[in-house]
Amino acid sequence: MSRIDGRTPEQLRPVTIERGWSKHAEGSVLISFGDTKVFCTASVTEGVPRWRKGSGEGWVTAEYSMLPRSTNTRGDRESVRGKIGGRTHEISRLIGRSLRAVIDYKALGENTIVLDCDVLQADGGTRTAAVTGAYVALADAVAWAQTKKIVKAGRKPLVGTVAAVSVGIVDGVPLLDLCYEEDVRAETDMNVVCTGDGRFVEVQGTAEAEPFDRKELNALLDLASGGCADLTAIQTQALAGTL
Amino acid sequence: MSRIDGRTPEQLRPVTIERGWSKHAEGSVLISFGDTKVFCTASVTEGVPRWRKGSGEGWVTAEYSMLPRSTNTRGDRESVRGKIGGRTHEISRLIGRSLRAVIDYKALGENTIVLDCDVLQADGGTRTAAVTGAYVALADAVAWAQTKKIVKAGRKPLVGTVAAVSVGIVDGVPLLDLCYEEDVRAETDMNVVCTGDGRFVEVQGTAEAEPFDRKELNALLDLASGGCADLTAIQTQALAGTL
Amino acid sequence: MSRIDGRTPEQLRPVTIERGWSKHAEGSVLISFGDTKVFCTASVTEGVPRWRKGSGEGWVTAEYSMLPRSTNTRGDRESVRGKIGGRTHEISRLIGRSLRAVIDYKALGENTIVLDCDVLQADGGTRTAAVTGAYVALADAVAWAQTKKIVKAGRKPLVGTVAAVSVGIVDGVPLLDLCYEEDVRAETDMNVVCTGDGRFVEVQGTAEAEPFDRKELNALLDLASGGCADLTAIQTQALAGTL
Amino acid sequence: MSRIDGRTPEQLRPVTIERGWSKHAEGSVLISFGDTKVFCTASVTEGVPRWRKGSGEGWVTAEYSMLPRSTNTRGDRESVRGKIGGRTHEISRLIGRSLRAVIDYKALGENTIVLDCDVLQADGGTRTAAVTGAYVALADAVAWAQTKKIVKAGRKPLVGTVAAVSVGIVDGVPLLDLCYEEDVRAETDMNVVCTGDGRFVEVQGTAEAEPFDRKELNALLDLASGGCADLTAIQTQALAGTL
Amino acid sequence: MSRIDGRTPEQLRPVTIERGWSKHAEGSVLISFGDTKVFCTASVTEGVPRWRKGSGEGWVTAEYSMLPRSTNTRGDRESVRGKIGGRTHEISRLIGRSLRAVIDYKALGENTIVLDCDVLQADGGTRTAAVTGAYVALADAVAWAQTKKIVKAGRKPLVGTVAAVSVGIVDGVPLLDLCYEEDVRAETDMNVVCTGDGRFVEVQGTAEAEPFDRKELNALLDLASGGCADLTAIQTQALAGTL
Amino acid sequence: MSRIDGRTPEQLRPVTIERGWSKHAEGSVLISFGDTKVFCTASVTEGVPRWRKGSGEGWVTAEYSMLPRSTNTRGDRESVRGKIGGRTHEISRLIGRSLRAVIDYKALGENTIVLDCDVLQADGGTRTAAVTGAYVALADAVAWAQTKKIVKAGRKPLVGTVAAVSVGIVDGVPLLDLCYEEDVRAETDMNVVCTGDGRFVEVQGTAEAEPFDRKELNALLDLASGGCADLTAIQTQALAGTL
């Protein structure tokens, strides 16, 4: 059985990562997972939020947002509605936690890096593309901060790599990296964030229709681990300039 | 090695469930997991949100909130700040999804049930206590709606049971049902929602410090499955009036 | 003529006061006036709001709120609506003023006590139960602050006691402590806050239907004074541990 | 002992009422109580709020606001802060209740009258000036609605008159109609709303410093009744065009 | 062809400027352009916004608002809606920029002047009346600050005068100072702010129906320049006390 | 004297227009004016806002926004702050008015087109690039609606073309299409929107430092007319597919 777009169950969509997409940001990436396109910028500022002052430690946080017409039907702008929806909050928090998992706050020193992940076009997997792209923007921003001596010489704030992918069960078959059409039909949906050494940072699985059993969960985790490993390789190539 | 409160790693805190705590709500429960106390009410209204009208299907949703002094230090009221925080949104959405997993919308008919979960005292595991207590309030509300013929005769909107528990790794040891002090020290934190037949509705694991490997993940899932089974038994007793 | 619940016109509903209902708050009380149940916590923090800094004086303030399903029909959460309604504001201000009437700011020193009054179940008289219960929570919090030397030795921040009750004219008869059903039918509704020595802190009378004359006003004030005296006795017993 | 501005204790400040101050509003009044100036407009619209539709009854409501520099120090605009303060809410509600006390909803029919009371200059007593001026604007608006046949022929929506005044105890002396300087120094502050026949619509007394006893309360009520009677006479003259 | 109110195309409506309309504000003016009435106050405070501290320079800003019933149909209060509309923002910014054009920040020193322009009655041209009136209030406030030595001796913060007028093309004829009825029918609408020496501070022209050509633009600019010169003369008289 | 980037005073920056940048929107364009990049989408929906229902006429509106790191220093998200700033409102309104100038509402029928203009990278002239790009997106959306028969056969909702450019006086020299660095230094700043036949839709000139005289205004209008003509040619090529 082949998928809507002809992929095998364990195959990622074509992934592209363009670095340096903004002339202003210290790190910036346009990442695509098939038709999903997310623009990720990393902004470095000296200083930390008030509750962290004097700790000698830095901070990394993220904000996720969708452009109103990134989806098939135009959505209201959250700035116009005057409040941020639960889904936006949830994904922003997920991205922030994921990136903080590979940051050494002490090495970063009292500096803050904000990741902005704006979805320009959505076709499923926007949060996982955002995590994967934001990591590359973060790496560029950290390198910039090292060059500018904002991070002290010899210190390495980045202690690993991180990538994310969605998996799900569609018509009983576990699939990697769901596009929107597959996502809508999935009985179970899971987002997994892994480090480059294959360990888990986040595992978020949700039964959309039927609850799932341990065997299905294991199949999904296997798929996701493989997908994250592939994404890690692509990130490495992007940062090496060989993508 | 024993825990702060003398429990074994795979032991729940004392759980109490008091039904009928409100004279107004169609279902209401005061649940405690040790010192964590959550007041759950289920409110039945005829009709559904606009986007669901004419579908013949019902809706179940939830709102979670903490009283300002449910925690050790008083927090600002979200009504005073004028907006709901990301954590509140995230937990409200989790509770709603968990309960919808055991609802047959068709059988419910065009009726809405809103679960309010207000934390009166927090000591870790507020979201899992909320899911577990809300299920009992929901069951009472569904029974009420059946008695009142709001749900048509012979229909069973409730197609299963659902309970939730937290697990985590503290000092390298996987523990069930973390209290606040353990939660703060946990390297990995996971919330798991299971149905009564042992399947998963939600699995949300987060590395707070070090990423976790597959073996640790498996150990946590084992612990959580056992904890949810224990909670299911307690819910059953509570609903049978034998708790 | 007897009342709905068999009381005489000048009789309070059964009043219960449970102290120490929260393990976190410096003072906490679950008070009930019949079926009206309000959870009151008193939170002590060192320091005062900015506008009071350097004055050597403390501050006491209050926030009142109703749980969404504390009433017969579920109300929207003010945190979800994003703003606090006029009634909530008005009652919060009333509670704060009432308690400040028995506080010696100098003796309190630059410390702040916040009273949170959350209505768990409403059946009329929520604001008067809140004032009456909050006073007991405040007394416990002040005693705690004295023990912890947050209040300087020998100082007595609490200079009196305060209690509140509603009165109203129903079918031409002045009644004490209206339950919801009486409140709805009242032609005139009055909330009175008295100190333990029988003086007035607040008198708020409103003609719901017909304006009231001086004679009716006098009858209501007499009833209220008696009711407050009864409540003062109950508060004293609660604080003495003899309730 | 004479007052700051030479008045006797039971004397009102000079009161002026200018009708027809707006060419747009159905009723409009610029009222002054000494240096306190409030601009009151009454806007008639056909139809009622949703919750009242089909009842055959009308509705009257009010909104109070202070211009930012109506006071000695400029205050923030509530529109800029994005929320309405508790005091504003409380006063808007008081004005609305006061006017509704003299309205026959049935006679008004399904029409709505909104009173806007904007304080142009504040010197104490803004809420009482607002009630007193709003009544005159309301009377003009009702007359307009009768002329335009929006109110059915022969119906009299206005069933009485209403006026309000502040009283307070300053240095132990009960005073009528406090200006700002007196208000700040008052030990007790009371706002009283009376109908033209001398009955009470609202009595709101607050101990600002010391609680007050029944004797003081009686003295204040006597003063207020006299003051309201004087204001009723002035309103009558204004409406007769003989002021 | 004569206009609705009998004016010639290049004629202003009757303009009145009453100074000293508030006893609190450092400068205050009630200005009318025909039936348009705007109350302008200038509030002086020592100090500047945070972003300007230490610069040695002052700041001038403005807030514009319409009373709910300043228009023919009552509008919602922006404070009640909880947000400021685009038009209000736009006009507030225009007034601020216009006045800052004649301020020497260095001479003003680290002081702030806030202009509040509240429309009491609207009949077209509210923003131009606001600019013209606010200038007079500003001049009075600057003079006050000089007298009080808040502005250092010998310094002149006010380096020119500023006035504003609307122009438009109605039925093909360029007209000065449109009233509401003309404004609604205008094909092109332009607001022009000039200094007393005839130069432009703001030119804002909008095609409401048909785009306009260069010749029409020139005719409108000629009209506006003449109108502003007339207003400058009236402002000068008002400040000289000879109006 | 040559400009920062070597342009002559009357020269535009390099302009690129890429159509079809979104797979979801009915019209979409990525436009760049030098380093300024704006993503414009046009969303067609059947139906109109409530106030326009039954009129037989359509509606066109626009929303402008800047990504947080589109500028040199990261700005707060308006969705996070909970309100839209004045500048955003002002520009959104300008874009909407500009496009409505070339729309025949009757021909559009009761359909709505929303233009979203999101600035990905800012270097001066974001609002003029937005108008110019949005026109192309609008043209594509109208063509789509004609193809889909949402616009009735034979009807032409688009009655002209529209483009916008900024001009300003820098060091006394009038310059076309200011980049950020020039914009900051400009004494006078003007945004001009023209139709393809050379008439004006909007003229917004502001003296940033010195007021400007009629001669300077004329020079700026000449420059802007030329610049808009050049942009019109580029738009035409883009729509013809020959850019």
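Letters A, B, C, D, E and F mark the chains in the order given here, with residues in each chain numbered from 1 onward.
Here is the rule we go by: a contact is a pair of C-beta atoms (placed from the backbone, for glycine too) under 8 Å apart; a residue touches a chain by one contact, two chains touch by 3 or more.
It should be emphasised that the depicted structure is a prediction, and the values quoted were computed from it without experimental measurement.
**Q** Enter the minimum step count from subunit C to subunit D; a value of 1 means the two chains touch.
**A** 1
**Q** Could you pull out the chain whose C-alpha mean position is farthest off from that of subunit E?
**A** If we average the C-alpha coordinates per chain, B ends up farthest from subunit E.
**Q** Can you work out the whole-Å distance between the CA centroids of subunit A and subunit D?
**A** 59
**Q** When the centre of a chain is set as the mean of its C-alpha atoms, what distance in Å lies between subunit B and subunit C?
**A** Inter-chain centre distance comes to 33 Å.
**Q** So which bits of subunit A are touching at least two other chains?
**A** Residues 82-84.
**Q** Starting from subunit A and stepping next to subunit F, in what order do the chains sit around the ring?
**A** In ring order, starting at subunit A and going to subunit F first, we get A, F, E, D, C, B.
**Q** Using the touch definition up top, name the residues of subunit D that touch subunit E in the complex.
**A** Listed in rising order, the residues of subunit D that touch subunit E are 22-25, 28, 35, 39, 41, 43, 45, 63, 65, 67-72, 74, 77-80, 82-84, 88, 114, 116, 118, 120-123.
**Q** Inside the complex, what are the residues of subunit C that reach subunit D?
**A** Its residues touching subunit D are 83-87, 89-90, 92-93, 97, 101, 160, 190, 194-195, 197-207, 210-214, 217, 221, 225.
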